[in-house]
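The data blocks that follow each hold one structure.
Look for chain A in each of the two complexes below; its partner is chain B in the first and chain C in the second.
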Partner chain A sequence: MNPTLGRRLLPYILISPLVVFIGALSFVPTVDTTVEAFFQVMPLNPPTRFTGFGNFRRLFANPVFVTSWVNTVVYAAIGVVLSVVIGIVIATSLKRGFRFRGVVLALVVLPWALPAVVEAVIWNWIYDPNFGVLNSALHSAHVIGGYHVWLGLNRWLTVTLIEIVQVWQITPLSALIILAALQAIPPTLYEAARVDGASSWQSFRRISLPMLRPAIAVAAVQALVLSLNIFDQAYILNGIAPLGSSVMLQTYVTTFQNLDFGGGYALSLMVTVATALLSMALLALLYRRTEAAA
Partner chain B sequence: MKIPRSHMRRPLAPALALTAAIVLVGTACSSGGSGTGTSTGQGASQGTGPSTITVAVAYPAPPAAMLDQFTKQTGIKVNWVNIGWDDLQTKIAAAMTSNAYFADATDVDWSKVGEYYKTGWFLPLNKWFSVSSLRPDMPQLGTFIVNNELIGVPFDSSFMVTTINTKDFEKAGISTAPTTLGNFSADLKKVATATGMSNPLDIQLATAEGLSTCWYQMTAAFGGQVLSAQYAPEFTSPSSPGYQAMNWMVNAYKNSLVPKGNINVTDYDGFTTEMAKNRVAGVLCDYSGSVASIYNVASSSSVVNQTEYVQTPGATGPGPAVANPDGIGIPKNARNPQAAAKFIQWFTNTENQAIWAGLKGQTDVVPTFPLPARLSSFALLSKAGDIGQASQLAAILSAHAQPPFPNGAPPWYTQFSNAVQTNIHQAAIGAETVQQAVNNIASEVQQLKASG
Partner chain C sequence: MMTASATRERLAQGVNQAARGRLGAAMSARPARAGGRVAMIVVIVLWSLFPVYWALNTSLTTLSAADSTPAHYLPSPLVGTSYRTIFGSGSDVSGQFTRSLLNSTIEAGGAMIITVVVAVFAAYAFARLRFRFKRTIFVSVLATLLLPAYATLIPLYRIMGTLGLVNTYIAVILVYVSGFLPLAIWILYNYFNSIPRELEEAAFVDGASPVRALLTVVIPVAVPGIAAAAIITFLMGWAQFLFPLVLTSDLSTQPVTVIVAALNQQRTVPFTLMMACGVTAAAIPGVIALILNRYVVQGLTAGSIK
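Right, the complex of A and B next:
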């Protein structure tokens, strides 16, 4: 083979397994989902037939579907803001060398490494209204007079408490992404700032934060994707009650409990499109600001 | 201070590509299960062959020695897959819709019989099992028959009972079991005063299947049923048993008879923990088998030998026991239906059913197995020393157990159950009135019936 041609082909050969892998696992199901979203696929009401926007109309007529979307937007908003802010705090703290830093780093990563179901079960015990740690701690500290039912009574409290569990899980990844970017900032910039008489806060605001914006953008996007797709935490902590329902939970109920596969496809498609658009918007917003700051 | 441009600029295109990859992989991972192309052949990859079958149920495997014995006798090797009940239903639906192999024998829940009959997802078992000879020994067999087709064979005889803590009742000076709901409420209030319990009654009120079945049980206790033989709602009138049952359950919660947290305890283990830890003195809609498998287990219970089954108190006297047995059947895509049928015959035979429930001691017990499906197995347990209050349960089973729906579960049972649990839950937390809840459920029934 011509050595020049070989060199040209090498990158494509190397990347081809990944292309096949992503193509098989992501693009093919995405195309399939897009097509099937316009068909009525109900094993209890065969045959499968083209229904146009029928699946979408049926979904929008369901008030639980609307509640789930509003809840999901709140999940995403809380998830993105908290995971990025806490991620920055953790990354900034871990940037400095200190004793047992490695141990602390491992502990920080732990919630990310645990399966979401395991975490939800743990938090279910923490929130338990009869013998949970949260009630016990607050009662012991005289913050509350008696044990409270935390989940299932108040919609926004339920959504917030469920999202806290999600934030607990996704924040370590945000922290790691931001920490990696933080460590890549040349120390000379900070030294120059110190010579110019900048305080720590000024250095953080004028150097770290602008330099971190690309990493923050990636961290925010991963938090957004994970929060928009929240399922395990909502299902385990709240069941299928509409109060804290998410769109992914509705996808599960629609598809596997109601056996409305067409409706499930339509919901999946909507989530995918919403996730893509919101992610692009978030990314574009953060990048523009970065360039403006420059 | 100005930051050099070389440090600030990052190419946007790779970042956008990364975003797209995260989005696609993230959504694909999250929603992958909804695709009809999902392969769920968990068992298929594990040593399947002409004489190997995969059995997927929500129970731990029987003792390995007994399975080995079955293999020696029949030449059939069993690959046992224990999957949680909810996951199992998802896997069955995904595999059947995508026409993929899943298992040779798997769970047929009582609530799914209508659905499986209509979809044809399970093979009729009539050619392997004689319905007429099984019926006298299996009181709940009828739950698994639709238009003379046997969709599954019951392998336990789970039904609803009421459980009380006799020690707590004695502390309150009560020596006879309550027979009406009025008596029961009054007794529980006395128990609360005598023992200091804040909320002495356990009822499932979280959005889970247990809430739906409890409503069917309580409706039966009030002397009725929720749906007619033609699946018409029978609960919309305030004087109907279904309406009164829901009202009673909601008021029990609002009047603090029931722990406040019950509206959010979705798992059965969490629900029974209240009784096991002596935080309640009575459980409505408890499962037959809880005394032996939960409350009398010394390692996790503080009420060992203190609990007793009673018939569910009704409006004017003891009510019937609503039955919700588990069955086992053969999916249409089974690779070895013949061997699966042989396994089901072995798994549900008289002696083995009694062994799973403790006939030969704790070592051969299948954990969480509630009760045998056969009366002849109960007879063996009674003869061996009334293991697990077998004679009492056999009496309730043969005389009082009834299916929740006179003509079997409707094909759209799952949607119906979802509507039931979410609306009762909403009524309990005060987001809806009982009237609104019954109206919403009735409206859902009409829609489901109209859509076929």
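Right, the complex of A and C next:
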């Protein structure tokens, strides 16, 4: 082969496996979801036919659908706020060096690395109404008079406790993003503030927080995408009950248990669009505040 | 905005300083605040570790001790019955569980190998070579990072159904690879960009082709970045649940996450055994994350700062 031709083709040869994978297994399916959301697709009730907004109308008529959307918004709100706040606390505590810092950092990252299903099974045991350690510890500390059934009775308590399990898993990511940004802030800024007699809270408020805003925005968006798509924790701790259902759980039930594929496509499309819009809104909000603060 | 390599250096610096305990001495000037910080770090470690400890504690004791009130904070009596049930022969749980561990290893391992190989070549092209539509393709690939992972769930299930691949390792691995490639590309692209071009230029002067330069000069230098991409990919593969729940239908391919969920759903498996299953399923990613923590931190930090 002509060596110059080979050299010209080389980049395309190097990226072709990537393009095939992403094209066939990401782009084609995404387009497929968008199109089929407007078709009635039921394996037990063929043929597939165009229905316009029929799938969406059918979904909105189902009260569980509304419940799972409201729940998902609450899941996401708790997930974003808690993981960012705890992430900031962890990052500021680990910013400066100390003995065993490396070990502590490794332990902090651990929950991120474990399967969410396994974590949810463990928390299910922690929340157990009869023998769970949460009841036992709160009872010993005289916070509660008797043992409680934590999951499955009160809707918002169930949603909160399930989201705490997800927060436990995704917070290490927020902490690492914020820690990296925190360590990039020039130490001279803090020294100058100290010389001017600023308290450590003041330097956190006036130096760290404004400079961390871009990192906080990235951490918040990651948490938002993950919590809007919560499935594993809700599946284990709530089952398919409507009470704590999420949109992804509802998508799974609609598609693979009710075999309403068109409804599943419509749900997938809605959660995809919602994720994109909310991510952009959150980024715009946090970045605008950065400019205002600067 | 900072670059990923600067971040890596800073994180590494922090760890080094910690190892030397250099800043520890400066702390003692303000004992009250240092005390507060130690307390905070203890709380953080407890928060990160307690659930894992609690699973271990329960898995190592008897059912009557686990089912006692108030709870025992140490495993007494200390017994290995649950682990013998998992790894001994004969029981239902043991057969399902050990097979699913093998399936997880094949699926996460297979996805890791294919993802890293595909990503190394593509990331090198994006980082070093010039070609048409480079930016468009690069941005389109990275844009899929922002897609919710499950946007493609139903079509992928139907594609695999059409190809007759449902309930095969191949289906699971292909789906994982398509999901993990964007992050792996991003990690490797940043790593390649942090390597000085002079290294390859010396090889080009000696008449090497770009592929040869990649294989003999760049890859050996990029081992830490490749390791980070590989480890993150493996951990993500091991943790998958919804995709294999849909794509696998029996023990020939079901990974450990699907089996743990199924055992948990039966409500007849005692908590001691359930926790032993959980600890065992978490052991491989847990040990990897603790021992190879440097690469996990590096990969996650590089992967998230844009």
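We adopt the following convention: the second predicted complex is superposed on the first by the 269 of 294 C-alpha atoms of A that agree within 3 Å, B and C clash if a C-alpha of one lies under 4 Å from a C-alpha of the other, contacts with A are read in each partner's own complex, and residues count from 1 in each chain.
Heads up, the rule we're going with is that a residue touches a chain if its C-beta (ideal position, glycine included) is under 8 Å from a C-beta of that chain, and two chains touch if they have at least 3 such contacts.
Everything numeric in this text was worked out from a predicted model, so none of it was measured.
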item	value
Clash or fit, chain B versus chain C on superposed chain A	clash
Which superposed partner A:Pro115 touches (first chain B, second chain C, both, neither)	second
Contacts of A:Ser199 with chain B and chain C, given as first, second, both or neither	neither
First (chain B), second (chain C), both or neither touched by A:Gly264	both
Touched partner set for A:Leu189, first chain B, second chain C, both or neither	first
Touching partner for A:Pro242 - first (chain B), second (chain C), both, neither	first
Touched partner set for A:Asn45, first chain B, second chain C, both or neither	first
Chain B versus chain C as contact partner of A:Val149, first or second or both or neither	first
Chain touching more of chain A, residue-wise (chain B, chain C)	C
Touching partner for A:Thr33 - first (chain B), second (chain C), both, neither	both
Touching partner for A:Leu179 - first (chain B), second (chain C), both, neither	second
Chain A residues contacted in one complex by chain B, in the other by chain C	22, 25-27, 29-30, 32-33, 36, 124, 128, 130, 147, 214, 218, 222, 225, 229, 231, 236, 239, 248, 251-252, 255-256, 261, 264-265, 268, 271-272, 275-276, 279
Chain B-touching residues of chain A, taken from the complex the two chains share	22, 25-27, 29-30, 32-33, 36, 41, 43-45, 64, 124, 128-130, 147, 149, 151-153, 185-186, 189, 192-193, 196, 198, 206-207, 210-211, 214, 217-218, 221-222, 225-226, 229, 231, 236-243, 248, 251-253, 255-259, 261, 264-265, 267-268, 271-272, 275-276, 279-280, 283, 287, 290-291, 293-294
Residues of chain B that touch chain A when the two form their complex	1, 3, 5, 7-10, 12, 15-16, 18-28, 30-37, 89-90, 93-94, 96-97, 115, 118-119, 121, 206-208, 259-261, 263-264, 266, 270, 274, 279, 411-412, 414-415, 418, 421-422, 425-426, 429, 431, 451-452
Of chain A, residues touching chain C in the complex	7, 10-12, 14-15, 17-19, 21-22, 24-30, 32-33, 36, 86, 89-90, 93-102, 104-119, 121-126, 128, 130-133, 136-137, 139-140, 147, 168, 172-173, 176-177, 179-181, 183-184, 200, 214-215, 218-219, 222, 225, 228-229, 231-232, 235-236, 239, 248, 251-252, 255-256, 261, 264-265, 268-269, 271-272, 275-276, 279
Chain C residues touching chain A - in the complex, by the definition given at the top	1-2, 6-7, 10-11, 13-15, 17-24, 27, 33, 37, 40-41, 44-45, 47-49, 51-52, 54-55, 58, 66-71, 118-119, 121-122, 124-126, 129-131, 134, 137, 140-141, 144, 146-156, 158-159, 174-175, 177-179, 181-182, 185, 209-211, 235, 238-242, 245-246, 256-257, 260-261, 264-265, 271, 274-275, 277-278, 281-282, 285-286, 288-290, 293, 296-297, 300-301, 304-306
